[in-house]
Amino acid sequence: MAETSGFTHFDAAGRAVMVDVSDKAETERLATARGRVVMKAETLALIQAGQMGKGDVLGVARLAGIMAAKRTPDLIPLCHPLALTKVTVDLTCLPEDNAVEIEATAKLKGRTGVEMEALTAVSVAALTLYDMCKAVDKGMVIADIRLIAKDGGKSGPYRAETP
Amino acid sequence: MAETSGFTHFDAAGRAVMVDVSDKAETERLATARGRVVMKAETLALIQAGQMGKGDVLGVARLAGIMAAKRTPDLIPLCHPLALTKVTVDLTCLPEDNAVEIEATAKLKGRTGVEMEALTAVSVAALTLYDMCKAVDKGMVIADIRLIAKDGGKSGPYRAETP
Amino acid sequence: MAETSGFTHFDAAGRAVMVDVSDKAETERLATARGRVVMKAETLALIQAGQMGKGDVLGVARLAGIMAAKRTPDLIPLCHPLALTKVTVDLTCLPEDNAVEIEATAKLKGRTGVEMEALTAVSVAALTLYDMCKAVDKGMVIADIRLIAKDGGKSGPYRAETP
Amino acid sequence: MAETSGFTHFDAAGRAVMVDVSDKAETERLATARGRVVMKAETLALIQAGQMGKGDVLGVARLAGIMAAKRTPDLIPLCHPLALTKVTVDLTCLPEDNAVEIEATAKLKGRTGVEMEALTAVSVAALTLYDMCKAVDKGMVIADIRLIAKDGGKSGPYRAETP
Amino acid sequence: MAETSGFTHFDAAGRAVMVDVSDKAETERLATARGRVVMKAETLALIQAGQMGKGDVLGVARLAGIMAAKRTPDLIPLCHPLALTKVTVDLTCLPEDNAVEIEATAKLKGRTGVEMEALTAVSVAALTLYDMCKAVDKGMVIADIRLIAKDGGKSGPYRAETP
Amino acid sequence: MAETSGFTHFDAAGRAVMVDVSDKAETERLATARGRVVMKAETLALIQAGQMGKGDVLGVARLAGIMAAKRTPDLIPLCHPLALTKVTVDLTCLPEDNAVEIEATAKLKGRTGVEMEALTAVSVAALTLYDMCKAVDKGMVIADIRLIAKDGGKSGPYRAETP
């Protein structure tokens, strides 16, 4: 167990720090995260109906997720400010699961990974979807937000065991 | 199906709007949300060790959650800006579940509910916890973010069926 | 010429101030602003084609306008922070003018007017539209942003001479 | 018509994306935008009087424009976050036109253009000018906001036909 | 010693909270803070020369202070979001002390005090002044930032012993 | 005296600008700032007691300081947006001085110095400490905020005469 705790965001005395990444190489970093919002069948049907043209819930959630990725360093205390080079957020209706699946990818040429940006995009897209639909379904659940894949950086590629 | 869709955040033509709450009464609004971060047993043990004094992961996540509640209207496109009167975020280690449970409560004297503020606080506290621990456990999952209780406003009290 | 200058945002010595509105009544305030983006006929045709389902430029611009209304006090130095109760942004294609017209309305129960919120919503919706279309038409012009109507407050209703 | 629409901010399915600029070269990018605020002759006279020392409307608007350029990625949903290396905003009184002309220039060593930063600086300077003067002239019009020049990047230099 | 600590921002278990102000009365709250930036005589002379028309350091610092007062809840973790009704920032050159004195006043009709808003305005005005002058004087010191007066609220008026 | 004033943040006409750093080299920049909050002995004793586990004032202030360093370009009008690579904030109780000393260090590989980021971190940590303790001691004073050391960049290393 290196340092005090094994956690990189604390110094030897256990104090929170934004860790020094000055000496890391500027490489291409990529991360993909995924999550879902589980809801009533009727709610999902309403969302799908909206995709036909009136009331595009998924479009609003996608945009909120993209914008939130850019706010990550404002929200997550010890995240470094980053110049993201790409963000995508995709939302897919899964009628068999009564769920909307959300996947976000973030990309950077820089000194630190972009997992938090991808995870934040998924989270805020999910929150926005909840906000848009809460008048008809307060019991929706935001679930299974997790890192799916990560590339670039010293620690090498990561793939979730069960994507 | 009222309006186009049953969703309040769209007008009759299906266009996104921030709905008019001018005529709603200024009453006391309260909302509680809950969620959890599921992790390896070793990760949870490290977090618990940190609570003894060095490396307070939960303290950082709590603060991030409280601050995020205040940023909700910046993040969720159609949320109204609100003057929150109280925010609390509690994190509890659940060794039997290999999880940290997060509960947030938001309060307001105002014209609109504070569910989104409570849910945003839980989400950002969970993301911060992920950020602090990701060097030792990239497989953590943010799960079961949901509204537990809501009071005040025209629609009356709400309690989740399975809190 | 009252005070130094006739301008309310300066004190008697000509120094910028956020004026004191504590003694103003909390009344319903409403403001509507309008503007347009003038472009090539081909660009407008592309936007209209996108409305059929793929590439909803107007939907993105509408959302950006609504969100920007909430950021007005962050952008305009001497604007008061406000708890807006409603924001709408509408964009209409005007093929005869090779333009998209943008209209925004903001509403508040409060102590100060919401003209700046409506004007900011129009401006940022226009900028977003420019951003989305600039790869095909760099010569677009953002034009005629102006206050159309204002209600509430001591100074009484205002209507633009040529709406 | 490349892709779905010719618009770069949508993917093949018509979904909004922050486009991938990772592979673009880090070159010097420069953009200049211009616009104007048209007003009553008396309003312009008051602004000019203020420049003599008391009530510096143009100084406040200039600063608001510079600060807004930095907020561009927060405002424009699909803009990349950028590390601007220079921003200037100039405001000039044009008594013959009863207008204040605003010109902004933004500069970057980076992977994407800075048109939106220059246009946002002009827009927010114009809105600030409106805010400062609206007590004496609600009929002011923000007009002719456009890109004047753009240099750097793959698409080469751009000059407006009628600057 | 009430509660755990005498500090209101912690609950009985010592966890940080944004305290509940829902039951406080909406009264007029006023706070004034003061501070100074101490510098070389030459630096102060340059600032004073700028006030004659070219290079208005104090005007930029004043505006930054006013804008920062509005950002207080974004910066100070446990501060409530507030709808400030007035902010003023004054900067005075004190040649006898080789200093610029900064005084800020914030006002609110609301449920919580505005000390932090006044203190934040002074601090950011001081930082801005440092930024503007650091090329000629890196040894400037920001000093004596303190609350001068506070009115409104349950705890009654406060006056600093040595204003 | 170069230019109008010797101040780099004004152009030859005395207008505020964000100076052009495009041609500066991307080197490692480091800055350390320091300040203190002076208080009653009883207040300091309460803070120290909290460090034992309940009510961690210094932990909250440290986090607020780190987060504020990232907000520097939002707060200081003419600061460039930067991708900080490291931020640390340390707070030390000095019982002999009835004070808490705050030291912040900021680091960057970039084109401009990070003094303002370090000074802003100290200032906001100090303000947060004030906020946490103001219920027991309104007379606290934020004092002696100054640059201690600066490395990197064309102007070479700087060390305060009396650190």
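Letters A, B, C, D, E and F mark the chains as written, and numbering starts fresh at 1 in each.
Following the convention adopted for this analysis, contacts are C-beta pairs under 8 Å (C-beta built on N, C-alpha and C of every residue); 3 or more make two chains touch, one makes a residue touch a chain.
Going by UniProt, the chains are A, B, C, D, E, F = Cyclic pyranopterin monophosphate synthase.
The shown structure was predicted, so the numbers you read here are calculated from the model rather than taken from an experiment.
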item: Both-way neighbours, i.e. chains that touch chain D and touch chain C; value: A, E
item: Same-site or different-site touching of chain B by its copy chain C, using the half cut; value: different
item: Chain of greatest Cα-centre distance to chain A; value: E
item: Distance between chain centroids, defined by C-alpha means - chain B, chain F (Å); value: 31
item: Centroid distance [mean C-alpha coordinates] between chain D and chain B, Å; value: 37
item: Per-residue multi-chain contacts in chain E, two or more chains; value: 16, 53, 56, 59-60, 63, 67, 71, 74, 77-78, 81-83
item: Touch-based graph of the chains, sorted into line, ring, star, complete or other; value: other
item: Every chain pair in contact, whichever chains are involved; value: A-B, A-C, A-D, A-F, B-C, B-E, B-F, C-D, C-E, D-E, D-F, E-F
item: In the complex with chain B, residue positions of chain C that touch it; value: 28, 59, 62-63, 66-67, 69-71, 81-88, 90, 107-109
item: Chain C partner contacts - residues on chain A that touch it in the complex; value: 53, 56, 59-60, 63, 67
item: Residues of chain F that touch chain D when the two form their complex; value: 11, 15-22, 73-74, 77-78, 80-83, 110-111
item: In the complex, chain E residues that touch chain F; value: 1, 4-10, 13-14, 16, 35, 46, 49-50, 53-57, 60, 63-64, 67-68, 71, 74-79, 115-116, 119-120, 123-124, 126-128, 130-136, 138-147, 150, 158, 160-161
